[in-house]
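Data first, discussion second: the structure below is written as structure tokens.
We call the chains A, B, C, D, E and F, going by the order they appear; numbering starts again at 1 in every chain.
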Amino acid sequence: MFAAGAIALLVALALALVRAILGPTVFDRLQAANTIGTVAMLMLAVLGFLTGRPEFLDLALVYGLLNVVGTIAVLKFFRHGDLGAPGEGVEPHP
Amino acid sequence: MSFTGHYTYWVTIFLMIAGLYIVIARGNLVKKLIGLGIFQTSVYILYIAPGKLIGGTAPILAASFHTYSNPLPHVLILTAIVVGVATLALGLAIVVRIREAYDSIEEDEILEIDRSEGEAQ
Amino acid sequence: MTLLTMMAVVTVAIVVQRNLFAVVVFGSIYSFLMATALVALDAVDVAMTEASVGAGMSTVLLLTALNLTRGDEVKPLRRPLLPLFVAIVIGAALVYGTFGLPAFSDPQAAIHLHVVPRYLVDSLRETGVPNVVTSVLASYRGYDTLGETTVVFTAGAGVIALLRRRRGKAKQ
Amino acid sequence: MTRDLVLRVLGKVLIPFVLLFALYVQFHGDFGPGGGFQAGVITAAAVIFYAIIFGLPAARRFAPDRLVESMIAAGVLIYGGVGVFGILMGGNYLDYFVLAHDTVHGQERGIFWVEVGVAFTVSGVMTKVFYQFAERRRVVDEA
Amino acid sequence: MHLASLGIVLYAFWLLLSGYFEPFLLAAGAGSALAVVLLSRRMHIVDREGHPIQMIASVLLYWPWLIKEIFKCAWDVSRIILSPSLPISPVLVRFKPTQKSQVGLTTHANSITLTPGTITVEATQDEFLVHGLTRTAGAGVIDSEMDQRVSKVEGYR
Amino acid sequence: MSMALDILSWFCMLAGGVFCAIGAFGLVRMPDFYTRMHAASITDTVGAWLLLLGMILQAGLTLIAVKLLMIALLLLFTSPTATHALAKAARARGLQPLLAPGEDPSKP
């Protein structure tokens, strides 16, 4: 059962990779990267069950957290153009 | 000598060569650092893949398991990754300084500027 | 194994891609694949480090640094033949070298015979820590780790030294 | 980006949990995957996330440079201090057996403090490096 | 009040993560939760937005409905992806949400994005800009049932 | 009873895997960036949840199930935010969505 899930996830991973390589714009690549992050996270959970050690779910949590941090960092960067900086365009704190 | 038995080595070597190629063939300094990063990750696999035992499990001792993969490479690589990112930061800092001094991060342009300055003196 | 093949594909994409932002995105994908492959190879601690460092930290660092430099590799390749030749020759030599190495997951390989059984057998009794990676990291190889920590410290100090002076100048 | 309401709310909800998760990784390094290195990086990631969403000045108010820099040094000092403490207790440098009456207990204690030192240094270095790069752009822009 | 509740939630989070109930780890968890609460206060992120306890009860009723909706839409979008002719008709629609608080708006925007077939492109107090995969999906978000339900959940005081 | 659970979790895992693959397939097949995001959100929501649900059913009432639930919650919070930020950033950079014929791109 878990092997079936893992194979499906591998297929999804490969397809997302195709999009990342084809992707005409950077945003396509980012979307693919985000999907790859999600799929990798699920893959970890499945792998943990497959090898009979489900305590590795911590790792999946780390993936999820850092995936979003990385994506948002890149996006912030693009939103503000080439000179966009983490820390610019910010209102003073209420 | 079987295909499956040596496949990881070959992928490792491919990654290593790709990293090496980027480092020696590309002039852009940031790209060179990324190439160095790929080279580094190939070393991680080179260390970790031989430590894996099929049928073994991660080296966290539990009563229900008896075969464990080799923990020693994990320790070495664990520290190497963190050191790797610290040195990446150092390299990037140097690149930023170079950019400010030469207004370029292309190796050829930097060499060109150096040469013309040398002739001027 | 499939994962490793995918990593090779991503590497090719990194080599070919000229836009440095796209290269950074590929780097983060590469790092995710790498970490998943590491879990498949039973190296959970390393995978955790690689995921947090590769996908989080180095992406952010590369982006902030790219901000200070240029976004594209402007120049076309001039003479890629010689480096390619060198790389292929070295690769061929290394592949030749692998024929002498033990096959994947050979329990009789030298790596599994030396000090490792001692760590695995005695760690829990001697240190009371079930995670052997932690006990080896902090206890048996404490000196190594002290050295690594010092290297991280030094690198941090180096970055501070490199990037701080300019700030003083700008203030003047 | 504080104006972006979706991101701001996500940041406010998520950051405490990221920080707690980092501490969890730190304290459970003995039992599962994790330890000082990972915890340090995750903590730094949380601070960087905060800086990305709320801006660098806000992050600086939260974790001032002075604090971050002293964390870098403090980590190495804690690590070295564990070794020196071993000498004071009558062992060799970085001997953990002597840290408590029971050798196993001593080992656990030594490992714990060493991990704390590592976490301090790593998170300090990562945060500081990020500050340096991010702030530098501002300086160059203004110039 | 928010601080105390955050502390309790964080400690519960720790216990569920940990699964080890030794005195040292329990104490460490309490200490960590306390430290994180203090740090969060230092970050100014604990308030009605960052820790919306006022919504917890109603949100638990809202989620099952949302999940049902997501499954329905996912089924539609999957059929679109797999059908050979790819019958899409992407549209952009603008409308004004009825929520008043920031959390309510965020919940609404996220719910729209979560539902496959519609994505919130811009979300401000006055106006949402939604990209729909098909014309019907796009038209479906204006003054929708979701809007009313989120407004009810929000329970603005 | 456990038989029924097994069958149910089999079904969930398979369905989740299929949904993930469909989402990724849509990611490849869709014509432009915005439509691709719709496809990706299938993977992020339904595919992931069904897989996790299958695993929760296997794990039973343990802390493992709680952790899986946490992952699902994390996805519930982060994935729409990331998607939204992505769409917003793309629009801010002037990437025009491909619209159906008859729709006026300048109107909205």
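Here is the rule we go by: a residue touches a chain if its C-beta (ideal position, glycine included) is under 8 Å from a C-beta of that chain, and two chains touch if they have at least 3 such contacts.
Owing to the predicted nature of the structure, the values given are computational and were not obtained by experimental measurement.
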* Asked: Which contact partners do subunit C and subunit F have in common?
  -> A, D
* Hey, how far apart are subunit C and subunit D in touch steps, shortest way? -> 1
* **Best-connected chain pair, where connection means C-beta pairs in contact** => B-C
* Asked: How many Å are there between the centre of subunit A and the centre of subunit B, using C-alpha atoms for each centre?
  -> 22
* Asked: How many angstrom lie between the CA centroids of subunit B and subunit C, rounded to a whole number?
  -> 5
* Separation of subunit B from subunit E, taking each centre as the mean of its C-alpha atoms, in whole Å -> 39
* Asked: Multi-chain contacts in subunit E: which residues touch at least two other chains?
  -> 17, 109-110, 120, 123
* Residues of subunit A touching 2+ other chains? -> 13-14, 30, 32, 51, 55-56, 58-59, 61-62, 65-69, 72-73, 78-79, 83, 85-86, 93
* Interface hub residues of subunit F, defined as touching at least two other chains -> 23, 25, 37, 67, 70, 77-81, 83-85, 88
* Sites on subunit A touched by subunit D in the complex -> 55-56, 58-59, 61-62, 65-66, 68-69, 72-73, 76, 79, 83, 85-91, 93
* List of subunit D residues in touch with subunit A within their complex -> 1-3, 7, 14, 18, 21, 25, 28, 32-34, 38, 42, 45, 48-49, 51-59, 134-135, 137-138, 141
* To do: Would you pull the subunit D residues touching subunit F in the complex into a rising list?
  => 4, 6-7, 10, 13-14
* To do: Please give the residue numbers of subunit B that touch subunit A in the complex, ascending.
  => 57-58, 60, 62, 64
* Any idea which subunit C residues touch subunit B in the complex? -> 1, 4-5, 7-8, 11-12, 14-15, 20, 23-24, 27, 30, 34, 37-38, 41-46, 49-50, 53-54, 57-58, 61-62, 65-66, 68-70, 73-75, 77-78, 80, 83-84, 86-88, 90-91, 94-95, 98-99, 101-107, 109, 111-112, 115-116, 119-120, 123-124, 130-133, 136-137, 141, 144-145, 148, 151-152, 155-156, 158-159, 162-163, 166
